[in-house]
Every structure is written in structure tokens, then in C-alpha cells.
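Below is the structure I would like to discuss, written out as C-alpha cells.
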Amino acid sequence: MDQVATLGVTRPRARSPRASFWAKFTAQPATVIALVFLAVLILAAIAAPLIASLVGHGPNDLYRTQMLDGFGLPRGPNGSFWFGADSAGRDVFIRVIYGARVSLVVGVVATGIAVVIGVTLGLIAGYRGGIVDTLLSRFADVMLAMPLLLFAIGISTACSTTSAGCLRGTLTPGLNLVIVIIAVFTWPAMFRIVRATTLSLRETDFVEASRAIGQTEFSIMRSEVLPNLISPIVVYSALLVPQSILFEAYLTFLGLGIPDSTPSWGGMLDQASQLFSVAWWLMVFPGLFLLATVLAFNLIGDGLRDALDPKTPRRTTRKRAA
Amino acid sequence: MSQTPPTTDEILRLDHLTKHFPVGRGLLFSRQRDIVHAVEDVTLGVTKGTTLGIVGESGSGKTTTARMITRLIEPTSGTIAFDGLDISNIDGARLRALRRRIQIVFQDPSGSLNPRRTAGQIVAQPLRVHDIPGDHSQRVAELMARVGLSPEHITRYPHEFSGGQRQRIGIARALALDPELIILDEPVSALDVSVQAHILNLLDDLQRERHLTYVVISHDLGVIRHISDQIAVMYLGRIVEMGAASGLVDHPMHPYSAALVSATPSHPGRRQSQRIVLGGEIPSPITPPSGCAFHPRCPKARLISGDHHAAPETCRLHTPPLTPASDGRMVACWYPVEADDNLIDAAHAMTANPG
Amino acid sequence: MNHPMGRYLLKRLAWTILVILIVTFVTFVIFYVLPSGDPALRFAGKQPTPQILAQVRADLGLDHNVVVQYLLYLKRLVLGDTYGWPGLGYSYSSGAAIAPQLWQRALVTIQLILGGAILWLAIGIPVGVMSAVKARSRFDRISLVTGLVCMSTPVFWLGLLLLWLFWSTLGWLPGTGYVAFTTSPLNWAAHMVLPWITLALLFAAIYARVIRSNMIDTLGADYIRTARAKGLTERRVIGVHALRASLVPVITLLAIDIGTLIGGTVITETVFNLQGLGSWILQGALNQDLPVTLAVTIVVTVVVTLLSLIADIVYAYLDPRVRYK
Amino acid sequence: GGSGASGSAGPAKKGGTYRVAETDFGFSDNFDPTGEYTAESWAMYRGLLVRTLLGYRLTAGVAGNTLVPDLATRVPTSPDGGKTWTFSLKTGVRFAPPVNRAITSHDIVTAFERIDTPAIAAQYGFYYAPIAGWDAYAQGKSSTISGITTPDDQTISFHLTTATPDFPYRLTLPATGPIPHEVAKCFPGAGTYGRDLVSSGPYMVAGSQSVKITSCAAITPMSGFDPASKLILVRNPNYAPSTDDPTIRRALPDNFSFTIDTNQTDIFNRINAGLLDDSPNTPPASIVASMATSATTKQRIRVVPNDRTRYLSMNLTTAPFDDIHVRKAVNLIMDKAGLQQAQGGPLFGAIATHIVPDTMFNNDSSITSYNPYATPNSAGNLAAAQAEMRLSKYDTAGDGKCDAAACKNVFAIAGNTNQGFNMVPVIENSLAKIGITLNFRELPPGSAYATINTASRNVPFTSITGWTKDYPDPSTFMVLFQSATIIPVGNVNYSLVGLTPAIASQIGVPYPKGATIPSIDAQFGICAQTLAPSTRQACWIGLDKNLMENIVPWVPYLSDNAVHVISGAVTAWDFDQASGGASYARVAVNPAKQSH
Amino acid sequence: MSTPLLEIRGLSVRFRTPDGVVCAVDQLSCVVERGQTLGVVGESGSGKSVTFLAALQLLPPGAAEIEGQILLNGENLLTRAPAQMQAVRGARIGMIFQDPMSALHPLMRVGDQIAEIVRTHAGASRAKAHARAVAALRSVGIPNPDTRARQYPHELSGGMRQRVIIAMAIVLEPELIIADEPTTALDTTVEAQILELIDELKVRRGIGVVLVSHSLATISSVADTVIVMYAGRVVEYGTASDIFSDPTHPYTQGLLSSIPTIDHGRGHLVPIPGSPPSLIDLPAGCSFAPRCVARIEMCTTERPTLTARTPTHVDACLVPPSARRITPASVPAGTGDQ
């Protein structure tokens, strides 16, 4: 019998990776608060029509006689309009709830697309190296050098002028388009990270070992390299989500994003920018929700990084200097 | 013009194997291309069932040689023959087939294991890749047991193992395909002494059991001496001396081997009298010295020239070929060490008044 | 040393030019395919006749296909035009030459960015260093959370909030717009302070974070232990040894940030009504003012690449490892 | 509105600088009068820089739309039913520096030659196409325009190929003002003369006197004008009030400064703070609302009905608007009061009930009360709309709601301004009641117009649209419905009234199968040829009603008011009804009340 | 007898970690004499580095609890305030670390890094400090010290860098040098150079040296006295010849028999079974007991204390001396690991 086994491995048996991940992840109260906030927000966003019907105000219902004055200016919060009305006479509270849908969808979907593109290309560039890497990296560089806003304006205008949108109707203005624009301009960041990590993974002995065993390059990429990219990808995606949410708000703020009939925080803030001196509620409520949501995602991103980063304390084993 | 004729039971033969790496020098101010002469004209043979130890200091080209043998990198020139077959240029299915017969174990036991896979998955990986029929889990359990790991280890991740255990996993993986030749690149240098001994014993047992052939690479002559039948000493990409283990250690013929032997602490119980302390460090493989690459540090050359600061012209201008010497030894030196050479003092004299 | 350096510079220059070519060409194409991309419409009156449209198109050179137009633009850019060199043409919306306006607006943007950068460095460095030195302390936690809040605050919202507070409500500040320093230094500062804060808060948070993590890494480095073993004072260990190593990577970050801000202060400029490059490129894009858009694009690209070159050189100067490797 | 000094600032006196700021000059031709086609620049030209043969009283209301002689000695009548028009010029009218000479009939000819030079691309040159020999000159077949004769320096005659009763109005447009050939010849391209505009009015561009006109090469731009930031005007030393009517052009301030400030809110804050005096930009409702709360600030808000109609445009060729019952139903259901509120409430305009603003019909009683689609509180009438909808082919279920697929997701364009955004839900909510859902795209105004005026895009519904007269003749509205105005790009007949299959194929629009699109071309022709003012007016009123009841291309919803906020330093202010802007010739400031 | 140069008495170092208290050093005592080398050996994690980092108060502040006495010339360093410790570090005790690349500040010239010590401790002028730095570089055998002083660490080879670190440690002529694995990262021939240099310093300058290494061979070639550490404790302590020729503790014996050396050819090594214990919950008795071939009942319950075997040789083992000795010969080949 094996003596090593009988004598017992005396090093502390590490907790299962998942358990220790959760323990670390939920160690910070801020992360937990962020999770709870997001959970509530997601529920509210899903239940938006329900809330609207409970309150009795739809997101595009107009209450102009009640909530607008003779100059068409909105009135502030009251008992039935908790967050006041906007300049079209709509219920800001309901629109803020509906706005969460846009932010969450944009944040998640745009990031998702950017991650898929960034990871795929980053993996290929980092792993293949050579001319493929040079071309892809340069392409990403050029994308980063593009005056993004300009192209956002160009693309969103170009796609808004026919009922079909652009690219034969696959890209209609509004949410879809905003998501695509954001994804197109955020993937290079993910690309760079994945590429850099892949570059160093490519040199590791375990990749070399797989090669020595006779594993094909594609399968090495997929099953050896990719799984090791998961934690940077997860961490970075979590940080891309709030960026995408803000990006949508910026685009819509500049009048390039989501159409007005779809309530979005950026759009509401755009309206508020003209009226903040007379209608503070237009600025404060959507702004606070935007801030809180972005903050929550940032906190979660931070929490993920801490939890997935082997450098955070909670490690008991020390790497021996070679 | 290989000096040693291939013997029939030779499983591996390298002929004039050379590897040059082109490198860009300087990130910012220059894009000049330099050549790293990582391995230069290496010729050697390994007999079935024996161990060849390659020893040499950092950067002397040991790993590069190993990676060429396993075809992880392409040689710049020269040939590699495995079991009589030239494998220097094969690819595709033939290369895959070769991969089953030659395996490699890496130095850093943690780096060579994918942290995202369990020990069992790692050991089963070669079986999976080569679609070996049969019950993989059964085979994995056997392999794990053979390298001294218990079944409960199968589902653990690499970070849950100690260094020695990780190296066992690496060895189990190498064994999975029943290879004939295993290249071991610094298999124990990252391990503590007590663990190191376990691994060396394991390797020894496995070799005897399975009639394996090893090429073991290490910078520790003690380890090499312990495990090898034949030793090749590398310096700056070249083999400077090669021969049976005991003979080489007891009577090194190349001045570098002599210095290496004298600098390697012998059994701690026996205090060493004095070492040949070489001056300077191993030169850059980008600009290897002319002639004999060792000549700038060579004490013997000083003995020959009679000048502390100059080597003889032969050494400076002509690269010594690896030539057969007594008792099957091969040495690449114009003036091999002789019994009465006082290299200690010569070396001391070289370093005493630098500049 | 001269020769390889020169080659390197040439290479970077070639890359810059290539990027400019690509970016400007894409700009051209986007404007060309834009339905509203026919600038002739704005010179043809509210009920244009086809003849006038054709005439205006010919006057503007819009009667060529996009590639020819692009090449003509490049030709004028390189050889200069009636307004001098470089030939950036005139704005479709104001009819005024681009170049003088460009410098005027660049000046505003530069003031905005530099002021902001000074502010965010002045906040970010001390906070980052303090947080790292007292890692996981109360101060560290508070500064981390505050930093996250700053990073999560939408810039336009912050701007509006500040305006609402200090301008509409408290009346402490004189409002938006730009007042030249030469006109009234006090007024200049009063008009710039909110934009600076708006711009700086986000970056201060980012920089504090980066510096904190660099510093923590550095403090764990062996050479810091060496410095302590040498008996140096803690002040010197942290203030010289650790800080130096932690700040070097920040140089690159700073150069890149300043570079991207050159065209990226749109929001701040829009909210605070500053006539800088950022708001100009937005106006240009919205008004189909192609020459304005192109000019700002070119400037931004040049500045970005130039700054990243400078960053590389400075980096190499500060970190000798980069020079060799 | 109206003239008259405001109490607190004191009586209107000479002197001071009248400071105007706007977010963008928005010049359409770089301030070159030959092509410049924006209301604000016309107000500047007419009041300050460019005198024309005929002009207006530069005041608010119907009076401001009345022709008066300016350079001409009187408003002529045509001896031949509108084909010949002859003017004699006043003497002693001189150009400002650097030209400094008397203005003659040849300078008017120069102006017309510029208009008729294709390269200069005069933007409303089409108004002069009836002049004999017009095309020949344009095509270079003739070196003069044969239809314009100058028997002497003080006389000029226009000979037209067709009777054009409104031709005198066309001679009030700034492009026809005198231009000195010695300077103009140096500016042969479009939009170039604006930098060296030689004034004939009471003011001139600052720095005019320093421009050398010895040769074309010597001419430099006038220093007072930087198109990107400012336009400074000073008194023209050669201006002789005796040649003018001082009750019209009072010319009180010594200087005018027009500057750019891209932030609209900022502009009005500065006006309130006395740092500026006026702006042609419409103040945001929020500012007007807050000013309206106090009596002292309220008197600084000036509201004048402008001759401008805002309307929703329906495309006669696209479903479901190819059915007149649908178009009528839309008119009946539309919550016009909501749209009015979206624009800022009643202060910003009265609810429009037909096409041409009432002032242009001299407030004729037969039209002022005309409201074919009256609804309670102008908020829409569901019953009436549904009744109308039932008549349409798209209501197959007969429930008063459009149930065809054509009514779902109808493509529509809106502006992305705040007002534009506010209108969208009002329109959507209204149309939803009759079963029409819209797929609105909010675009920047430039893109929005470029989209809808590209005929081939065939946009079914538009909410950004509005129209102003060029001169106070209803024809300037009715052109919008002429089939001749349908062009591929730059089309303003958004409804495609009068589209024929031939035109349709030419502009790339499918002609609706089996339908006949109504035309007003014949009726337009009759009205346009009518000389007698009262018959002519009745004719246009008939056309307006015909359009509203039988063609229904629009939902007119607002007769715009011009809303101006002026500073406390303004001692006299008036509105130039003809141009649709502040009457700069009739304003005054009290410098002592201005802040700096 | 005069006071020893450095005496450590009953040093214990404990770290609080989320997983429990790590007892890195437990009741350690030893002595370093002037002109002598104390060799410290033990496997990774046995507490070698922590001991001497604690002595210099270089452990991360707040993390460690330190008990015991560290007497430098009779003065207890542990009672010194952190600011006073600075005067000791670098001036009176020089420290040499393992990894020569990372132990030098990558952005500072090596000359400046040495001169800095002189300026801080001796308050010397810039020029004088530089001159001393150059002299120190020369004294550790760096050719062209003038040029080298102006270079950055990455421009030097590994051996050269280690010399720089040594120069740094000796520039103020300290009484004691602590070298923590100074040659582990170096090649064999370079290691020989460095060991030679340290030896020479000891002899020529009469400095006390602590040489920490996990390599018995290294220690054996330079140390005068040796302590063998296991799991934070000293298990054997004596002169080099005591330890290497006549090891009495089963752990030391095991270590010695595990080493492959060039004196022996192929054949089986006799390794110590098992692996070191976690320092968080050490076994109740002798911490080596679970791995000890010679263990007796008592070992698992009672903790051995250091007991003198000869006047210069102590060990901590409960097994009667006669029952301990295992020699390579006594273990048949082919067992050991299995």
C-alpha cells in the first residue's frame, strides 16, 4: 500500500473550489447588497407590466391634464406619481421600472456579444500568433482608434431611416442597434485581455504537454486553454456590463439610442438635461437608478475578481520559489 | 560523419541536431533580428532500456534538445531518428503515432498540469486523445496506483496536491500510452530533497519494470549521476563530453566537466577539499565565443598557454569536434584534462586579479 | 542607437498614417451611405430644385464617387487648400475655415483635460498610495467604495447634478460656457471648475484603484523587502522605492487616457457648453458637417498615436528594462 | 406683441449695442444674400443691411405683411395684368464702405444676374424664372437677361413671360437687393459674397471700411464677421435716413452684435441676467414658464403669431394613408391640444385648423373660424373618427378601428428634439384609438428632413414638419402640393399630392394600384394667375378648404407663435412679420441697463 | 566567555490566517559566533526564512506574533522600536536574499541602490557614498565596478546581481550577514563562486554568517555549525561534522540518505516517507513522528525537547539513540516509496 496515502496527506484539504468561491464572493457585505439590489431590480423589470397595472399607469400613458402645466411642463412627485411626471406627462416611476429592462438587457446582451467576439478572436490571435495575431490585433487597435461616437451616430442614423433598418432588416433601430453598436466597440477590450492571457497560457507546460500527447491544436485551444480563461473572462465581463449600461445611457442621452417610446434611463436623463432647473425629479430618479445599477455590477465585478483571484488572501499554501 | 556508429539496439539517435531561434532584440528601440544558438550540432545515441543524462547549466540547450526530440519544435538542421526511423520531418498521423511512443515529463509539476482538470482527467487525457479502447477509468486507477497515488486522488485538482504528488501525476500521464522513451526535463529540481528521492526511486522502478528508455535532463550532476547510465555534458548548446556515468564523473576529461564535477557538492558527510571555481558566467548563446565556446573560462587552456589571461590560439579559433577518447568516452576539447593538471589553482589565478 | 530609433519612429508614423487613412475612409463611407449624407441639401434651400442641388453638389465635389472624393480630400489635406495647410476645408454649417477653429477648440479641450488630469492625479495618487499602504483598513474600504461610486456615476448625470446644485440652486457659479483665461482669470476658473470636477472624479477613482493595486503588488515585491532590510526609513521605502515602481505604468495609462479624451470629452463639453473638440465632433456628426468630423477625427487619431508613442518613449526612459529586454 | 417701450427700461433712445445670441447662425448660404434662405438672416438683411425695391413695414401682424416702397419710389401696378413691372429708384441712396457710391438700377441688375448664374446656386432663384430671357442667360446664350431693362440709372423694368401677380412680393426678397458689381465679380461662387457683403442699409459689417476693393486679390473678409462665432454690425456712414421711412427703420442702437452660444439654456439665462438682449432661438418652455410667474419678467416675453403652420404629414401613396377616410379619421382623432402642449402650451401657438396661417389671408372671417375637424377641446373625437374609419377599406371589421396589417407598425419619422419626443406618445396614443400603430424613428432634424425629402424613401407619416411663407402670398404654402414640386431629392411635397404615374416612376416610388391621387395643379394655376387681391384671396381660401376636405394631406395642429425673451435693457422691440424674426430696425436698448 | 554575536532564545512566530494559526517557528534557539557560519537547513516551509525575517522585524507588520529574544551582542532586538530597527538593518546586519533578480529595484541603478545605504546610515555625501558603493562592488569581485555601478539590474547576469546584493549587505561592514538561500537560483559553477565569496568574507572580515539553505550539500560545504529545522522546530543542532558525519536525529538521517550524490552510482535512495505536516494543527507529540521509521509509542504523545548528545551536539528525539540509526545499507532497495 502507498505510504503517502496511509500516512495521510497532512496539508489542509482545500475547500471545494465552488464552496470557497462562494465564501470569498459573499464575504463582502457590499457584494451581497449589490446582489440583492440586482435581484430586486431584475424582478421589478420582469414584473414591470404587473407593477404598471397595479399602479394603473402604463409606461406610455399620458396624464397631460393632471401632470402637465399650461406650458407643457411636468409636475413633480405626488401620491399617485411617486417620481413625478416627465415632459410628455408620463409616470416617471413606471418608466424608471421599465427603464431597468433596457439597461439590464443592454448590459447583459451587449456584453455577451462582445465577449463572444472578443474571446473567439482573442483566443485565435493569442494561440495562433504570427500573422493572424498581427492582423487581428491591428484590427482591434483600429477599432479602438475609431471615433466611436461618430460611428454610433452614423450607424444609428443610417439604420433609422427606413422601416426595415439596415443589413436587410436584421438591424432595426432601437435596442438591437444600440446593443450591436456597443458590442462592436467593446469587444476589442475583451479581445486584448483574452489574447494576452492566451499568449501566456500558450507557453505553459500543460499546453506543451497536451501537444506532446498528440492533442490537436484546436482541441487544445478549446479544452485546455479556454477553461483557464474563464476567470479573467468572467471578471472582465462583469466589469463590461456596467460599462455597456453606461454606454447605452450615453448614446441615448445624446439622442442616438433607444427610441423615446421605450423608456430608458439615458433617454429620461436626456430629457432632464433640458429641464433640470424646473424638474429635478426627472434627473434624480433615473440617475440614481442608473448609478445604483452600475455600482451594483461594479461591486459584483470586484467581488468576482477578488473571489477568482488567487492573490487575494485566504490562501494558505505558498508557492515555492523555483 | 557521426563518430559513434549506431548500434542495433539504439532507440534514439540525434545527428548534428541544431536549433537556432530568431529573436527580436529590444522592444522599443530596435527590431533587429538576432539568432540564439540554442543547440549546436548535437550528435548522440541512446540505447534501449538505458538512461541518458544530459547535464548542463541554465541556457545550455537541454530543454531545447528535449523539445526537438519530442517534436514540439522543429530542428533547424540535423536529424532525429527514433527506432531507426527518421522522425525529424514527419507530421500528421505519423507524428500522432510517434506521440504514443515518446513522452515527456516537465520540470514544473504545477505548470504542467492544467489547473482546471482533475488528476484523473489529466491522466486519462492521453487515452482520450488517442481513442485508446477499453475502460479508461480502470486504466487511470491502475496508473495512479502505480505512481503511488490512491483512488481518492482521482477527483482532486492539481492545486490540492503537493509538489511531489503533482510530479507523480505528470509521470502517470506520461506512462498512460505505454511509451518506449520518456524524456524527463528536470523532473526533480523543483522538489524538496526527501520528495526528490521518492520520485527518483519511482523512475528507477518504472524503468526496470517496463524496460523504459529515459533521457533525463538536469543541471544537478548529483541527480544525473544517480539515475543515468550515460551522461552528456552540454555547454552553450554543444555536447562537450559524453560517456558512461561513472567514468565521466570520476575522470572528467573536458575542463568544463571537471569544473562541474568539482563544484557539485558530494555527499555532505564528506567535506570537499576544494573546488575549481570558474570565473565568469556562461556566455550569451546569441554571441557564442569563437572557437571552443568554453575557452574564455577554461583553466586548462591557461595551463596550456601559460598565461592567466589568454587561451591558446587553437582554442580561440577552432571549434573542437566531439571525438572518441578512451573507454568509449567522447570529448570535444583540444586539450583534455590530464591527471596531474592543477585546475583549481589555474582557475583561481584567472579570477584572482580580474581586469 | 540613432538608427534603430529612427526606424522605430518611422514605423509608428506609418502606422499612424494607416490608421488615419482607414478611419477617415470609414468616416467617408458612413457619411456617403447616410441618407442625410447629402450636404448639398443644406446649401440648396428649403425648397430646392434639382438644378440647384446638382450645382451645389458639383461645387462641393460631391458629384464624384466616394473613392474619388476621398482621394481628393487626401490630396487637399496633404497639399493644402485656399485656407492654407493642412487642407481641412471649411465647415459646411458655418462656412468658416476649419483649421483656425480647430486650434481654438483644441485649446478649450486641452484646458479641460489638463485641468482635469491634474485634479485626478492630485486625488488619485495620494488616495491610491494610502489605500495600498493601509490595505484593508477602514480608509481603504471607504476609498474603494467611494471610488466605485465615482466610477459608476454617469458623467452627464454628475455634470447635471453639479450644475443643478451649484448653478441653479445655490447660484455659486456663473453658469456654463467658456471664458478665455485672458478675458478674466477668475471667470475662467469659475467656468472650468465644474467641468474639471466632472471629468476628474471618474478618473481619480480609476487612478486610485490602479495605483493601489500596483502599489500593493510592489509592496509585496522582493526588492521592497530588500529596501527594508537595507534599513531605509519607511518613508523612503514607500515614497521612493515603491512609488516609483507603481507610478511608471501609470504614465502609459495617463497618455492613453489623455489621448482618448481629446475627442472623448463630448459629454462634459455638451453638458457644460464648452466649445471644444468633443462637442464639435458631435455637432459635426449630427449636422452632417463632414469636414468638421474628418478634421477632428484626424486630430484625435494623430494625438492618440502621438501620445502613445510619447508614453512608450517616456516609459522606456523610466523603465530601463523596456529599452533592452 | 407689438411695438412700444417697456416701462422699466425707459424710453427708446439712440445708442448702445443690441446683443443677440443664437445657438447657431444656421446660414444656408454663408450669409450671401443671393442664396441665403433663412428667416433670421432675412430679418437681419431687411432691418439692417439690404434694402430692396419693395419692402414691408417691419412690424408685427397683418401690417407687417403689407408692401411698402423701399428703394423704389412707390409700389407699382402692372399695366398688363402682371407681366410687366416698372420701378423708379430713389436718389441719394448709397452703398456703405468700401464701395461708397450711389446705388443705381444696374446694381439691381447685378443682383439678378447673380441669381441667374447657376454656379452661385441662388436658393430661391425659381421665383424669378418668369422673367423673359432668364434661361438664356443662365445657359450662357445671352450676356444679359433680356427681361430686365434699365432705361436709366433710376429706372428698372421687369418683363415676364407669364402673368405673375405676386411678383412685387418677390422683389422684397433679399437676393434682389442691390449688389455692387465691382465687388460681386470677385465672388463668382456660391455662398462666398457673404464675407464681404456691401450694405445698402443703415448698418454695415464692422470692418467694412478697411476692406480694399482695388482688385479682387486685395479683398479680405470683413473683420466683423466670423461665421463660426460672431457678426458685428456698426452704423453705415453713407446711410441717409431721408431716403428711407424713419417710422419704419428707426435704427436706434449704434451697434448690433450677433454671437453664437451653443447652449440654449445658457443664452436665456444670459438674457435674464442682462448679458444679452435677444435671441432668435425659441426659449425653452421651462424658462418662459418661470418668467411668466412674475409681472416684471412676464413683460419681457414677447409672443407674436408667426406665419408658420406645424403639421403632421401623411403620404398619399402609402397604406393606410392612401385612403382618404383614414386621413380624415386621423384628423378627427388627433389630440391637437396634446401636441400643442408638447410644443410648450398655448403660448407657443394656437391650434391650427387648416393650412395657410390666418394672417396671410388678412384674418379673413371666412377662414378664421374654419375648422373642418373640430373636436371637443381639440383633444380628438373618438366617435367621429371611428365613424370615418368605418368608411375606409382598412376597417374590415367595421368597428371603427383599422384592422388591416397595413395599419400596424407604420413607419414614421419624428425629430429628436424635446418637443419631437413629447409629440410622439401623443400621436401614438391618438392613432392607437383608431387601430393604427406607428413605428416612430426619432432622428436629428437634419437627418429627419433628409430622409423624408428623399422621395424614394416614401415615408408614410411625419411629425417633424412645419412650413413658413417666403412672402405673404398663400401661394408660398400652396406650392407644397403642386405636382411640379415633387423631385427625387429635396422634395417638400411630402404627401405627394398630385403624383402621377410618370412622376412616380421618375422618383422611384410605386404608384398605388387602382388609385388616382388627387391633384390641385389646375386650381393652383388659376389662383396664381388671379390679379385682383380679393378674388385672389378667395381663390386661395377655396384651395385651402379643398385641400383640407377633399385631399387631406396633413393634420395641421399648430399656428406657431414666435416667442422672444428680451432683456430688461430693451427699450423698444417689434416683430418683423414678413421675415418671421425680431424687427432689428425697430429695437432699442438702454446701455445703462445692460450688464457686461 | 564573551557574548555571542547573535543569540536567538526561544523564538516563536505565529501567523493568524483565515484557516487558523500558523505556528511557523516554535521555541527556536541558536547562536552565531563571530567569524563563523551557522548553516540552517530544512525542507520548504520549515520556518527558516521566517526565523530570520523575524529577527530583523521584516515580517509583514501586524501579521505575525513574535515571542522570544533575539540578542545581537547581548541586546534584544525585539524590544527595539521599528525606527530603531532601521539603524540595525543594513548597518549592523546585512541580508542576502534568494532571488537576485527580484531582490533589486528594477528601476534604480545598482550603484545608487548600494550608495543609498551609505547615505541613510552613515549620512555620507552623494559622491562619497557612490565611491563606497563602487569599492564594495570591487570587493565582491565585480570587474569594472565603475561602469557596473551605473547599470540597471537587468543589465547584469544572475551571478553578478547576487554579487551586487552581497556588496549591499557588506558595504557598511556589518557584524552579521544573513544569507537566505543565496545560491538556490544560481547555476552550479556560479553557486561555487558565490559560496567562495561568502566564505572569504567570513574569514577575511571576521563576520558572522547565517546561511539558510534547503540543500544539505551547500550547507555542508561552508557551515561551521548547523541547525536542522523541521516544521518550525529545531530537531538537531551541532557542528557541521557532528551533523553530517554523525547525524543523530532520524530526520537528519533521512535527509542525508535521500540525497543523490556524485559519489554514488545508480541505486536506491532512502527517502523519508510522507510529507511535512501542516503548521496549523501540528501533531501532539513529535511533529516528525508520523514520518519517522524509528518512532516509538511515546513519539505520538510527547513532545521531545532538545537534549545534548555531546557538548556541541543536541537533538530533539525521544527514541533511544541505539534504536534510531538507519543506514542506507539497512534498507533494502526497492522499498522506500512503496
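Some notes on this structure:
Residue numbering begins at 1 within each chain, and the chains themselves are lettered A, B, C, D and E in the order written.
Basically, a contact is a pair of C-beta atoms (placed from the backbone, for glycine too) under 8 Å apart; a residue touches a chain by one contact, two chains touch by 3 or more.
All of these numbers come straight from a predicted model, not from anything done at the bench.
Of all chains in the assembly, those touching chain A and also chain D are C. Contact analysis places B-E first among chain pairs (by count of C-beta pairs in contact). Averaging C-alpha coordinates per chain places the centre of chain B 54 Å away from that of chain C.
Centroid to centroid, with C-alpha atoms defining each point, chain A and chain C lie 24 Å apart. We define each chain's centre as the mean of its Cα atoms; on that basis chain D and chain E are separated by 93 Å. Chain A and chain E have CA centres that are 51 Å apart.
Taken residue by residue, chain A touches two or more other chains at 2-4, 9, 11, 157, 161, 255, 277, 320, 322, whereas all remaining positions touch fewer.
Contacts with at least two other chains are made by residues 265, 443-444, 447, 451, 457 of chain D. Chain B has residues 148, 162, 198 in contact with two or more other chains.
The part of chain C that touches chain E in the complex is made up of residues 221-223, 225-234, 236, 241, 244-245, 248, 318-321, 324. On the side of chain B, the complex with chain A involves touching residues 67, 70, 72, 95-96, 99-100, 102-104, 106-108, 110-117, 125-126, 129-130, 145, 148-150, 152, 157, 159-160, 162-163, 165, 170, 173, 177, 190, 198.
Per the touch definition, chain A reaches chain D in the complex via residues 60-62, 64, 68-73, 87-90, 157, 160-163, 173, 255, 259-261, 267, 271, 274-275, 277-279. Chain E contributes residues 43-44, 141, 143-144, 157-160, 187-193, 196, 214-221, 240-241, 244-245, 254-272, 275, 334, 336-338 to its touches with chain B in the complex. For chain E in complex with chain C, the residues that touch the partner chain are 56, 58, 82-83, 85-91, 95, 97, 99, 102-108, 116-117, 120-121, 152, 154-155, 165, 168.
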